[in-house]
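So, here come the structures, one by one.
The same subunit A turns up in both complexes below, where it pairs with subunit B and then with subunit C.
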Partner chain A sequence: MAATGKIGDRPLTATTSWGAKGRVSIRATHAIRIGFVVAAATIWESVSRSGLLLHDVVPSLLAIFAAIGRLLINPAFYANLEVTAWEVAASLAIGGAAGVVVGIALGANRFLSRAYEPYVYYLAPTPRIIFFPVMIMWFGVGVASKIALGALSCFFTVALSTAAGMRGIDPVLIRVGRSFRATTWQMALKIYLPAMRAPVLNGVRLGFGTAVITALLAETRLSNHGLGSMVMQIYSHFDIPSLYGLLIVVFVLAGLGNVLLGKVTGDRG
Partner chain B sequence: MPEVRNALAPAAVAQARPQLQIDKVFKRFGEGEGAVVAVDHVSFDVHPGEFVAVIGPSGCGKSTLFNIIGGLLDDYNGNVLVEGDRVAGPHPAIGMVFQEESTFPWRNVLDNVAFPLELMGLPKAIRTEQARHFIELVGLAGFEKRMPSELSGGMKQRVSIARTLVSKPHILLMDEPFAALDEQTRLLLGDKITQIQQELQQTTLLITHNLTEAVQLSDRIVVMTYRPGRVKRIVNIDLPRPRTSDVVSSDAFGHYVAEIWADLREEATRGMADTEQRTRGARGHG
Partner chain C sequence: MAEGRKAGRALPIAVGAGTIVAVMLGLEGLLRVGLINRFIVPPPSEVLLSFGRIIDEEDVLARTWETAFEVLVSGFFTILIGVPIGAALYRWRTLRAAIEDWVAAAAAAPLVLAFPLFLVMFGRSATTVIVMSAITGLAPMILKTTEGFAGTRQVLINVGKSLKMSDRQMFWKILLPSALPLIFTGVRLSWTFVLISVVGIEFLINLGGLGQLINDLAERYDLPGTYAAIGFVVMVSVIFFVALERLESWLQPAR
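Take a look at the complex of A and B:
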């Protein structure tokens, strides 16, 4: 339990993470994580074998792993994965880029931020799925409407964290740049960009999560392609082990995507 | 002993042209009733190799003066002349050190100090060599690869000073660089500053509210009045050089401190009374 307390002490804010050597005992953290998975698996398996619940609802882990095996050699899975991955990537690219641009404008210009930021704040927590019918009307039932919805979702996340990052820049650093007569270009590259790096990348990572959620959610609603629609197809056949298998695979993929994004963006050269 | 300098400069000083001339500088913030005159016709000179301190209570317009001389506040009346050049925007001959902690948290010590050289577009080998030289000068050799988050406040401020010195400013302009530090660190850093100033023959203008710091470091002290900020008097500090912080225990040092404090107390008292009154007024309105 002492180790879990330590996890909370780890510096999470962007400003303190620069070069801070607050290493928690990683081994203890890993042990607890593995312990959690083992415990969950044990409980699952014992419930499954006890017959307390319907066997179909809580299938044996072996059945689930067999389903995962079948899934991973199924070409349909890869076709669906490709569709979803494309949707997420396109959403993140479009929504993220627009979010960074708008976030910088809101962060840099007090007038703009006072005028427009309430909209962003009010719209940000609105569940984006309610815009899905509109997107279908505008962009059709195919991939485009999912991309539009995904882009809309991550736009808000990225814009808000970029604006916050822009405003969070220590004003004295800007005065330092000016006192050394940095050009506008040098100010942007050597002061604004590195100072905003952490909050913007954090926004992009959150935006990735939002894009995944939105894409999958939209696919479960109306689609013949993508992992979300595959979940619904499997469910309609009541192939429960495959359903759980797919969910686990999606979970792992989303986690990997997040880790990968963190690796690409988080480690400084 | 301390003497009031009048507008006519002594002949000996007149020969060496002042490196920095502050000439009837005036700055008002706001318009109409709420207008505040921050700096009111302030004039003084700084000569090559000289260390001058501007001292005054909070609210005497010290920081405004700092920003005007540094070119960060270019809407002002009167003239700030650097080697004969009127300051409008940051001047290449002036290097600024700020009161706030101002190292770049994403750069290590070496890259922080090399920053101005990077802006100049110098090749990396030269940047590293020069940055190392100044890191050593401020006594931080061995810390080149450390991040600012790993350094103490005093060390970070020395990084800032090295970063400014590396750009080889003709005039070093500092705004209370030791304000956030404890007294012992402040005295020891004062030694470092004196040593550097003597080594580089660095013309320096220090803005401060700390009396002992001003007397310890300066050749001359410009005492400012509380709002509007005017020059109350200019005091020559004839303490021997080279100096160390040991000087603070000498009789002459005590004499200067007492002398200047008599002036400063008057201004600080006015400042305090004024602040109290305004606070009361603000509450009455609220």
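Take a look at the complex of A and C:
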């Protein structure tokens, strides 16, 4: 377990292996991942077959995979997916656009930032689902209330990220623009927007996550359409393998959406 | 000079608070002249008066305690489970390379959507709220703990090695003190996630503390009461968040 280190030019040996350096083997990494998956699957299947827990609570993996297969050939799944995707996209467009506008205003003006940013900052980590009754009263029980709640959720994240991005612009870039006597539009298009691209896209990515969660939860509460509503329908029939299957598919889809936005952020940021 | 700076800071704060008061007064006026339907938006004056009513009639303090208890238990479990896992991910770098991305993905996954499954497993009880919220808060705790240990300055580790410290000494004397600031950041993030999750699940499954209160009042169509309850939950969330921030900065004065 001896490890080596250095103080100045003097090599050291020690009895600890904390803080060891060196390359991580990709093969070992893959082996650990495969090991985790195999161990989890084995434990799950063993518990399922042992009868230690109710069979309905821990169904066989085969039953869950069969349920996923049935789900993926079910037209109702795609109809519900379309509704949820539309709600999330609309939430992101409305909440994201409002967040960018407010974020730019807060980031560009110190007075506005001091006056209003604390409210945005401290309201951001509140549980948004509690506003759902208000949204139902304002926008009805249809898709609009879910979109409104999703937009409210992602607004705060995008606004704070944009404001931080605006403040983080290198002052040299702004001085260069001014020294070239750039107009307001030129400053916005050539200096501010390109410099803020990464934080804004990061905010949109985080906003996407919150919009997805909020829209799905709102659907579970009051809706006949969307994946959240489908979760509750399956739960009401106590079809647990299908419930696991649908949740896995939703998690994978949300993860793919996040990865896709992450690629956009990473590639362009 | 200092007074001028103070006045300069007070003005925007006054403008922010004044804007909110102005919006409320404007809303009150529009509702009184009938331009906005009071069956959709209750007058702010009625909402303000409802605060006292819901505190008296709806047992708000007991509900707040119930929610606080669930947050504290869930939060305690996030530390108890998250910190050792975070330390293990730092200790075994191959393990970290293998599963850190999975932990990060779990942080972004809509785990709370799985509440029907937890209802099947644990029933409609506080256990469901606590287990789900602890799981929700686990990922940021693990990630920040690992980040904290990984940020230990190499010179400190080298000092420990030069003193031939054992694994245990190295952990308690060097790594943990160095990682504490980021571990507290993890606690703040994690407990914020936990509060959101606890109130959200209480609202969704209509059980327990403050989340259920909003649900109850909305189902009774008590509009001023619903708005007041939402305002109360927002206020509690903000106080909780500010307290965590203060605690974090008090525990790490150097940052």
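Everything below uses one rule, namely that the second predicted complex is superposed on the first by the 220 of 269 C-alpha atoms of A that agree within 3 Å, B and C clash if a C-alpha of one lies under 4 Å from a C-alpha of the other, contacts with A are read in each partner's own complex, and residues count from 1 in each chain.
Keep this in mind: a residue touches a chain if its C-beta (ideal position, glycine included) is under 8 Å from a C-beta of that chain, and two chains touch if they have at least 3 such contacts.
The model shown is predicted, which means the values in this text are computed figures rather than measured ones.
With both structures placed on the common chain, the touch criterion links A:Q186 to subunit B but leaves subunit C unconnected.
Touch criterion met: A:D56 reaches subunit C, while subunit B stays clear of it. In the superposition on chain A, A:R175 contacts subunit B only, with no contact to subunit C. Of the two partner chains placed by superposition, only subunit B is touched by A:A195; subunit C is not.
When both complexes are overlaid on chain A, the residue A:F36 reaches subunit C alone and has no touch with subunit B. Contact comparison for subunit A: of subunit B and subunit C, C touches the greater number of residues. Using the contact criterion defined above for the overlaid structures, shared-chain residue A:S25 touches subunit C, although it does not reach subunit B.
In the superposition on chain A, contact of A:L243 is made with subunit C only, not with subunit B.
For the contact definition in use here, the residues of subunit A common to its subunit B contact set and its subunit C contact set are 15-16, 18-20. Those residues of subunit B lying in contact with subunit A across their complex are 70-72, 89-90, 92, 94-96, 98, 100-102, 104-108, 115-116, 118-119, 146-150, 167.
In the complex of the two chains, the subunit A residues touching subunit C come out as 1, 3, 5-7, 12-20, 24-25, 28-30, 32-33, 36, 56-57, 111-116, 118-119, 122-123, 125-127, 129-134, 136-138, 209, 212-213, 216-217, 220-221, 228, 231-232, 235, 238, 240, 243-244, 247, 250-251, 254-255, 258. Interface residues of subunit A, counted against subunit B in their complex, comprise 15-16, 18-21, 170, 172-173, 175-176, 178-183, 186, 190-191, 194-195, 197, 268. Of all residues in subunit C, only 9, 11-13, 15-16, 19-20, 40-41, 90-91, 93-95, 97-99, 105, 108-110, 112-117, 119-121, 152, 154-155, 157-162, 164-167, 169-171, 175, 192, 195-197, 199-200, 203-204, 211, 214-215, 218, 223, 226-227, 230, 233-234, 237-238, 241-242 touch subunit A in the complex they form.
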